[in-house]
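What follows is a pair of complexes built around subunit A, which joins subunit B in one and subunit C in the other.
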Partner chain A sequence: MAFAWKASGLTYNKYLSVAARVVRRSLKDDKRLAAERRGEMELKFAKWNNGKQGEVKSVADANAAAATEAASHTS
Partner chain B sequence: MLSRAARPALRAGAAASSQSAAPRTYATLREIEQRLKSIRNIEKITNTMKVVASTKLNRAQRAMTESRQYGQTSNTVFEQAETKPLEGDGKKTLIIVASSDKGLCGGIHSGLSKRVRRMLAETPDADIVVLGEKCKAQLGRSSSRNIVLSFSGVGKDIPTFADAQAIADQVSLLPTDYASIQIVYNKFINATSYEATPIEAFSEEAIANSPNFSAFEIDDEALANLREYALSNSLFWALAEGHACEQSARRNAMDNASKNAGDMITKYQILFNRTRQAVITGELVEIITGAAASEE
Partner chain C sequence: MNSLRIARTALRVRPAAIKAPLQRRGYAEAVSDKIKLSLALPHQSIYKSQDVVQVNIPAESGEMGVLANHVPSIEQLKPGLVEVIEESGGSKQFFLSGGFAIVQPNSELSINAVEGFALEDFSIENVRSQLSEAQKIASGSGSEQDIAEAKIEIEVLESLQSVLK
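Presenting the complex of A and B:
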């Protein structure tokens, strides 16, 4: 098992975004505010099935749910 | 918005010209005045949107040049490795369309949709992921069966890398394994012309099969990470460049709209003055003939 984050069910992108968030939060106040605005994400998404749009969900919630699900599978 | 608001004005303009022959000119005079007022309002709105778009454009362009550099650097690896997309042997293609939520910016969204439809004509079983409401509406009408995911909330502001990462995450969670992923975005050629272009995001197999792959020493496990990372890099590039194109297209569209509104205003102003004079002349004639008739 080479990567601890992979074992806990994170994708590489998720891992990167968590690492980036930690770096942003540890900046000094003035720089932190500018940097945290670069980390905002308010996307919504919907799955499509047979030409019909499904339910609209927030991407952030769905990603978190997927991560926990993957974690429960691997561990 | 402009076309919708201007339509009654046009209709009324036609009505005004047909009515001006008729003796009742008072009503048209007031109508023309109202129309003039509404066109002036529209001009104000489009002008403001133009100014807003111009200010946003500068920032968007800076973000675009930076992200383009970034995306190209990320693609250097694949250029060096001479990675080529796998020839499709039953494997599916995924098309990601990088549009945005807002309209009123000329034909850039329909340009993307057209390009995607052309690609679909070549590979009819390709799946589509749509970023942005506009292309979702357009592609949802013509080829809704191909759409697997759609994202909204794109392009409110300059796209962040977090956006690209979240999208790439969702895309990699899709159950199907895709042989090639094409990201279609608007390439910024200059301030007035854009071209819908695809960039390729390679699958793991394609990377592993590239001719110069042995030049790099990497773990097999790291390859999946590279693929995900490269996908979000390319997405970020496409989103940022698409955003800059949209702002610049909106600026041009609103510039044209304001100009057209200005033309209409001068035309209606002349029509208004003519009608007013006709009304006054008509009244004078009536008074004089009345006076002449009562004298006798």
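Presenting the complex of A and C:
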């Protein structure tokens, strides 16, 4: 089966998270506020080199950048 | 030679084994016509191995109804409506954001999804406003990734809109 999201370089994980995000945003306001908190991710990482901590980056931002780069390679 | 001997003993044993269940049929031997449903989200389990009559799921390969003694299979789910017909005869409807349904050999069905809510929890106004927003992005000149994401959103929202009507 050919999926449109696959053709544009998205992973299944990304597809699921986008679908879940839009479902959460479609809820009635009281439930939506509680549910949207589940979609937040504040994980950070840093690369250590020669015993020194490098720049601290957000995992979400780094993933998005990697995805756009991967998409530009495939197309 | 050895296998032949086993086959012969098996033949000898069988008549007695067949006779017993034919003569009397107890309650314990009656096959259950219920399917054990587990509907789990990462943060909540809606059904925990509960006996239900039938579950209708939106598989990528098409809509399917799962009853007891279904053929074991793994189905990827589209974002859509899951209908559970309970023992009491009533049915409950949940909108799932997509995941997997696994039919196990012993009349067990496990459905896993990221988000799933009862239909009455959705607001049609929120769906409509998001749909028009997503359509704008999909037909706009954003990055390829933004357009792909908007198309996913449209797929989900259109499915949601059609079941909310």
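Criterion: the second predicted complex is superposed on the first by the 66 of 75 C-alpha atoms of A that agree within 3 Å, B and C clash if a C-alpha of one lies under 4 Å from a C-alpha of the other, contacts with A are read in each partner's own complex, and residues count from 1 in each chain.
The working rule: a residue touches a chain if its C-beta (ideal position, glycine included) is under 8 Å from a C-beta of that chain, and two chains touch if they have at least 3 such contacts.
The model shown is predicted, which means the values in this text are computed figures rather than measured ones.
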_With both complexes overlaid on chain A, does A:R24 touch subunit B (first), subunit C (second), both or neither?_
second
_Applying the document's definition of touch, where does A:T68 land relative to subunit B and subunit C: first, second, both, or neither?_
second
*May I ask you to decide whether A:A4 touches subunit B, subunit C, both, or neither, giving the answer as first, second, both or neither?*
second
*For A:R32, decide between first (touching subunit B), second (touching subunit C), both and neither.*
second
*Examine A:L16 and indicate which partner it touches, taking first as subunit B and second as subunit C; both and neither are also allowed.*
both
*Across the two complexes, what residues of subunit A are contacted by subunit B and by subunit C?*
16-17, 20, 38
*Across the complex, what residues on subunit B touch subunit A?*
140, 144-145, 147-154, 156, 160-163, 165-170, 172-173, 219, 221, 224-225, 228-229, 232
_List of subunit A residues in touch with subunit B within their complex_ = 2-3, 6, 11-14, 16-17, 20, 38-48, 50-53, 56, 59-60, 62-63, 66
*asked:* Considering only the defined contacts, which subunit A positions touch subunit C in the complex?
replied: 1, 4-5, 8-10, 15-20, 22-29, 31-32, 35, 38, 64, 67-68, 71-72, 75
_Partner subunit A, residues of subunit C touching it in the complex_ = 42-43, 60, 79, 95, 97-99, 114-115, 117, 121-123, 126-127, 130, 134, 143-145, 147-149, 151-153, 155-157, 160
